[in-house]
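Structures follow.
The two complexes that follow have chain A in common; it is paired with chain B in the first and with chain C in the second.
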Partner chain A sequence: MDTVFVSIFIILAGGTAALFLSSRFVLMQRIMVGATTLGSIAGLHFALTHLLDDGPVATATFAWLHIFDLSFTADSISLFFLLPIFLIPPLALIYSLHYFTDSKKNLRVAVNYFFTAVLIASMPLVVTASNMISFALSWEIMSIASFFLVLFDYQNEEKRKAGYLYLIFVQGGAMFLFAAFALIYRHTGSFDFSAVSSMPDSGKLLVFILALIGFGSKAGLFPLHIWMPSTYSAAPSHLPGIMSGVMAKMGIYGILRIYLLLDAPTSVFGNVVLICGILTGIFGVVYALVRQNIKELLAYSSMENIGIILIGLGIGMLGADEGNQAMAFFGFAGALLHLFNHSVFKSLLFMGAGAIEQQTGTNSIEDLGGLLKKMPVTGKTFLVGSTAISGLPPFAGFISEFLIYYGAFQGVDTHRLSFLLAIFAIISLAVIGGLATAVFTKVMGLTFLGAARTKKVEQAKEVKPSMQWVMILLASVCLFIGLVPAPFIHTAFAGLRDISFVSSYNAQSFLTVVQQISETTMLFVLLILALVMLRQFLYLNKRIRWAGTWGCGFTKPTVRMQYTGASYADDMVNFFKWLTPVTRLYSGITQIFPRRATWHMQSEDTALMNYERALVRPLYSLVYKLRWIQHGNIQLYISYIIVAVIILLVFFL
Partner chain B sequence: MDSVFSFCFALLIAPLFPAVIQKVKAWFGGRQGPPLLINYYTLFKLVQKGSVYSTSTSFIFKIGPMISAAAALLLLLFFPFAGAEPLFSFQGDVIVLFYLIGLGRFFTILAALDTASPFEGMGTAREAFFSSLTEPTIFTILFLFFKVSGSLSFAGFFSGPTPVALVGEFGAVILLAAVALYTVMLTENSRVPVDDPATHLELTMIHEVMILDHSGPDLAMIEAGAWSKLLFYCSFIASIIWFPRFDNFLLNTILFYVVVTLIYVSIGVVESITARYRMNLVPKFILNSFALMFFVIILTIEFAQ
Partner chain C sequence: MIQLTNTLLALTLLSVLLSLGSDRLVSLIKIMTFQGIIVSLIPLTLLFQEHHGEIGAGNVLIFQAMLIIKGILIPWFLFMALKKVKMRREIEPIIGYHASTFAGLFFILMSTFIADRFFQIILNNEHVLLLITAITTLSAGLFLLISRKKAITQVIGYLMMENGIYLLGSTLAKQTHTQYVVEFGVLLDILVAIMIMGIVLHNINSTYDGMDTGDLDSLHDLDSNRSLFHRLKG
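Up next is the complex of A and B:
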């Protein structure tokens, strides 16, 4: 356990040093990156060694403020969550070396580095905390640090707004969390996590729902996701990778942890989580489909993947209720592995989006095109990322989705409700998979392929090497997990060691399946290589010509005639308009010699709309009536305090 | 030995069957139709040619055909034609293979978008949309077959104590699944009434318009892949309808391919007597199959607890 604290200390020291070295920009960047990398390697080493050898559970306790204990425990689940926490941030910071190039903004960058270090340091504490005090403390540090990260461009009003929206959701979520903790404390009289299961069954459901809302707002559960698109597009491009890939997973961790702590007395927990996962996944992918801004689209795709992870957890919970160990085991293992995979390919994709934005100044699919030739490394790594996130073999996403499918298929012999939910899980995974393919062919095809739609895009150049290498590394991890999944699946299985009701399951027979999947993907790769050679042979001494694209006889094609993101998604958007209302503004053609015509499509996030209608406006009109309380007279404010104290003394003592 | 033979035979005979469809359509139209070996001639002709590439394309355009062809070939390696043991098989191979078909589609779409042609964009949008609608049907079918046979591999579906077959205690629901699978087959292989491979206008095509700019050996690979995929789907349906009962491998193979031919004939009949649906009606047609499968799932809730 000491290793984790040492690595946290190194990372924090790097962040603090950055504050003091802000005048020497390059040195500051290097120290920050060096410290984070060093700390993360130590942390990764700790997590991996403890995860893989079946040692005793590491713990540590400190006294705090004389009456509280801060205690930390690293069981197998915590250890598994430590992997993405220590893997992604150093890579993101290496990427930032050439992303933050404006040394005039040095102070701002230094502050950003400091809060990044605080965020990275807080997350290991969140996943290892073993009582409510230490959990709440680390959770709040994490949330506040990430809020300041979003405010990087604080002068831009849009981005400031995004930061406030994020803060509302973060703190609102924390409020629900504290309510849940308070309920537990009232029943058990103890802050320790180990006491949670002793609370009476009747109260557990309420605690779980409160915690689900609290953690769900961090993870981006539907309908608590609305902060994600604006927040991820507001933060500097290396950060959404950390926020979506790692920090949002803390919400998942919380849901899993509270489920295990409560020792689930009813099947309702699993059902609720599974249904939440299905809704989140489907809404996420449909919203992603209608977005034309790459970062917003990736934010919604994060929501979709959170949905997939929750479906996995839900399958696991269903299996646990039914006593179906295989179902529980593969559900949980799939969820854990998908969470790890998602942290890899989502940060890769966000980095790709950042590279595009840096070179072209825009993130709108409608203005891009043909970037693969200008930015070959970014393009190829983005291709790997989009294939992986669509869950297609031979890349990482497929392996984890396969585990979840495998778990769901084990539900074939369960009873009515569980059976129906298992089949719903399979159907929604299939729908999400199909639509994710549509989403990522749209992003990949329209930004990187075809022809450039604007001058600026045509002049784009490849990004600097440090950014390239990080993307290459992440892309190779995606491919490696897809081709040789066994060690990663093994690690995910090791992560389940301390979940009592699945730890006895023997997954030996499945490891042969994993071996065969790996062989099949290898076979597939070999087949492609064979076809490549066949193709080489067939084109030997053949005449190859280059000409314009066949335009069906049209002689004056322009790049603006290409299919756009909006037109690509149009049929699908029409089909799903009951999920996401779309308004189209078309100027129409009225004259014989038509003037410039315009067409604009805007899609609404139903959750956002309903918040505004049902929550914000009523709340605002209520609060408006109470404005007279706030008048700026400090004497009267003090009198409020005195009145409040008197009331408390009279009635509650 | 049987496995190798049945794979090679399937690979070699795949281009023959689409000609059967053309023959049937020609017979309905009162024409003579092309010779049965037309697709072999086509393949031979394409392989001999060079290619013209669009200046806007990148390497994606060239690897697209290979990936879709490799995915289709892999299907043939895993499928038990006429009940013969396939060359490869494992628990869960169905999921891997349907996802590999998805990978092939992913790259076909990207290759089409690589040309910057608005027509191909139109085709890709439709392909992405319609195929995403077939996914839930496919996976519900797999779930049903898993429930019936207790196996998650193509080989396991049709062997073992309770194989997936029309004759047997699950016959009624499997009939419905076969109908759903037939719909999926028409959709995934761009047949009428979803897509018309013989139409003359780019605006009304789906699959054909996506491969508009491919030529020469690249096009040959796409075509070979498409024929193999169609053979796979028809064999899947044939295996459900007709279940091998004899010890004689040759007899099984002959009977099996007779059933496969009948399915191709039925595609020809469907194409002759129906027109392609308007594009906005296609989703409803595809979702019919899902509604059917969902009904089947409701029926099976009470089965075999």
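Up next is the complex of A and C:
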């Protein structure tokens, strides 16, 4: 455990040093990156060695304020969650070396680095906390630190609003968590996590639902996701990678942890999680389909992936409930592996989006186009990320989704509700995967192919090397997991070691399947390489003529003769219009020689609309009626206090 | 020794009544200085009474600090602030001076009732007078806050409340210096508040042409165009 604390200390020291070195911009950046990298390597080393060795569980306890104990335990699940926590942030910070280039904003960048360090340092504490006090403490530190990260461009009102929305959801979620903890404490009289299972079964369901809402608001569960698009587009581009890729996973960790602690007396837990996962996944991918801003689209795609992870967890819980060890094992393992993979390719994609924004000043795919030629590295790594997130071989996403499918198919021979749910999960996974492919072909096609739609995009150049190398590294991790999945799957299996009801399952037979998958994908990749070489060979010594993209034989093609995001998605959006209401504005063509015609598609997030209709407006009209209380007269305010004190004295003493 | 304590308590009560009835700011600050010194002496007499004259170095240090802050630093800051804004009287109090003095008498009665009713069991009649003085000072401080408009009188109200809290702490705690940590914290808060108030007073004075806190409510948020909802809606 000490190693983790040392690495946290190093990271925090880097962040604090950044505050003091803000006047020396480059030095500050290097120290921050160096400290985080050093600390993260130490942390990764700890997590990997303990995860793969079958050693004793590491623990640590500190007394706090004389009354409370802060205790931390790193069991196998915690250790597995430590991997993305220590892997992604240093890479994101290296990316920030050339992303933060404006040395006039040095103080702001320093503060940003400080809170990034706090955020990174709090996450290992969240996953290792083993009583409610330490968990709540680290959870709050994490939430508050990330709130300050979103406020980087605090002068921009849009972004400030995004920050406030995020804060409302984060603190609202924390309130539900505290309610759950309070219920547990009331039943057990202990803050320790190990006492949770001793509470009576009747209270467990309520605790679980409260915790699911609390953790779900962090993870982006439908309908608690509405902060995600605005928050992820407001933060500087290397941070959504950390926030979506790693911090949102803390919500998943919480759901898994509270499930394991409660020791699930009924099958309701699994069913609820599975249905939540299905809803989150489908809504996420459909919303992603209609968005035209890359970062917002990626935010919704995070929601979709959270859905997939929850489906995995749900299948695991169903399996545990049915006593079907294989189903439980592969469900949980798939969820864990997908969570790791998602943190890799989602941060890759956000970094790609950040690179595009830095070069072109926009993130709207309706304005981009033809970037593959101008930004080859960004384009190719983004392609890798897109393929991986769509769950296609030979990349990472395929392996983890395969595990979840495998787990779900193990559930087909059970009966009743579980059977139906397993089938339903398989179908929704297929729907989500298909639509995700559509979403990312849309992004890839419109952003990187075709021709540039604006001047600014035309002049875009490739980003600086530090950003390129990080993206290349993440893309190769994606490819490597896809080609040689065995060690990663093995690590995910090791993560399940301390879940009692699956630890005895022997997955040797599955590893041979993995071996076959690996060989096939290798063959596939070799085939592609061979075809590329063949093509090069055949084109040798031939004259190659270059022409404009989408020229299509027109004598004067313009960039407006291209597919747009709206037109590409139109058919699919039509199919799902019962999920997401779409308004289309079409000016129509009336004359023989038509004037300028416009067509505009706009979609709303149903959850957001309903919040406004059912929650914000009634609340506001109620609150507005009480406005007279706030009149600005300080003497009367003090009188309020006195009246309150007198009432308390009279009635409660 | 008990006689001395009671004499000091009586003086405190007198100073409370005087401060409620005084209309000149300079005399008000003088009364508060007097009250501060008396109040910080009270625990010392209690200490003598309980430990028969044996006081530790820590106690001496903390009581000295109290005395210096309450008797010298705070009055000094207040006089400085007063000199800066050139204000002599509290004009137009919300509740008049005679009525305030009368209210002060009422507070004494009320405190006697509260002390008798609620704290009889805890205190065994030992420090009942102390408790009465504490509650009276506390409520008189609150009363000053409500009934006066000038920012400087508000600060003095807080100061008097702090004196009350200090006495209340002395009543309920055994007299050792570790028990005074909370009171000391409150005192430091007040000290800082007074220092800041000196600056704020000056600014209010130059912005609003007077140091009436009533003018400050033009800063509040009732304007419907600027409400939270509209800001969230954008």
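Remarks
Going forward, the second predicted complex is superposed on the first by the 600 of 653 C-alpha atoms of A that agree within 3 Å, B and C clash if a C-alpha of one lies under 4 Å from a C-alpha of the other, contacts with A are read in each partner's own complex, and residues count from 1 in each chain.
Just so it is clear, a residue touches a chain if its C-beta (ideal position, glycine included) is under 8 Å from a C-beta of that chain, and two chains touch if they have at least 3 such contacts.
What you are looking at is a predicted structure, and each value in this text was computed from that prediction instead of being measured.
Once the two complexes are overlaid on the shared chain, A:Leu372 sits against chain B while remaining clear of chain C.
After overlaying the two complexes on the shared chain, residue contacts for A:Phe651 are found with neither chain B nor chain C. Residue contacts after overlaying the shared chain place A:Ala569 against chain B, while chain C stays out of touching range. When the two complexes are overlaid on their common chain A, residue A:Tyr406 makes contact with chain B while staying clear of chain C. In the superposed model, A:Gln635 lies in contact with chain C only, and not with chain B.
Judged by the number of chain A residues each one touches, B leads among chain B and chain C. Residues of chain A touching chain B in their complex: 369-370, 372-373, 383, 387, 390-393, 398, 402, 405-406, 409, 412-413, 415-416, 419-420, 423, 426-427, 429-431, 433-435, 437-438, 440-442, 444-446, 449-451, 512-513, 516-517, 520-521, 523-524, 527-528, 531-532, 535, 538-539, 542-552, 559, 561-563, 567-572, 575.
Chain A contributes residues 157-158, 161, 164, 616, 620, 624, 627, 630-636, 638-639, 641-642, 649, 653 to its touches with chain C in the complex. Chain contact summary for the complex, chain C toward chain A: residues 94, 114, 118, 142, 145-147, 149, 154, 213-214, 216-222, 227, 229, 232, 234.
Looking at the complex, you find that chain B touches chain A at residues 47, 49-56, 58, 60, 62-63, 66-67, 69-71, 73-74, 77, 88, 90-93, 95-96, 99-100, 102-103, 105-106, 109-110, 112-122, 124-126, 128-129, 131-136, 138-140, 142-143, 146-147, 152, 202, 212-213, 216-218, 220-221, 279, 283, 297, 301, 304-305.
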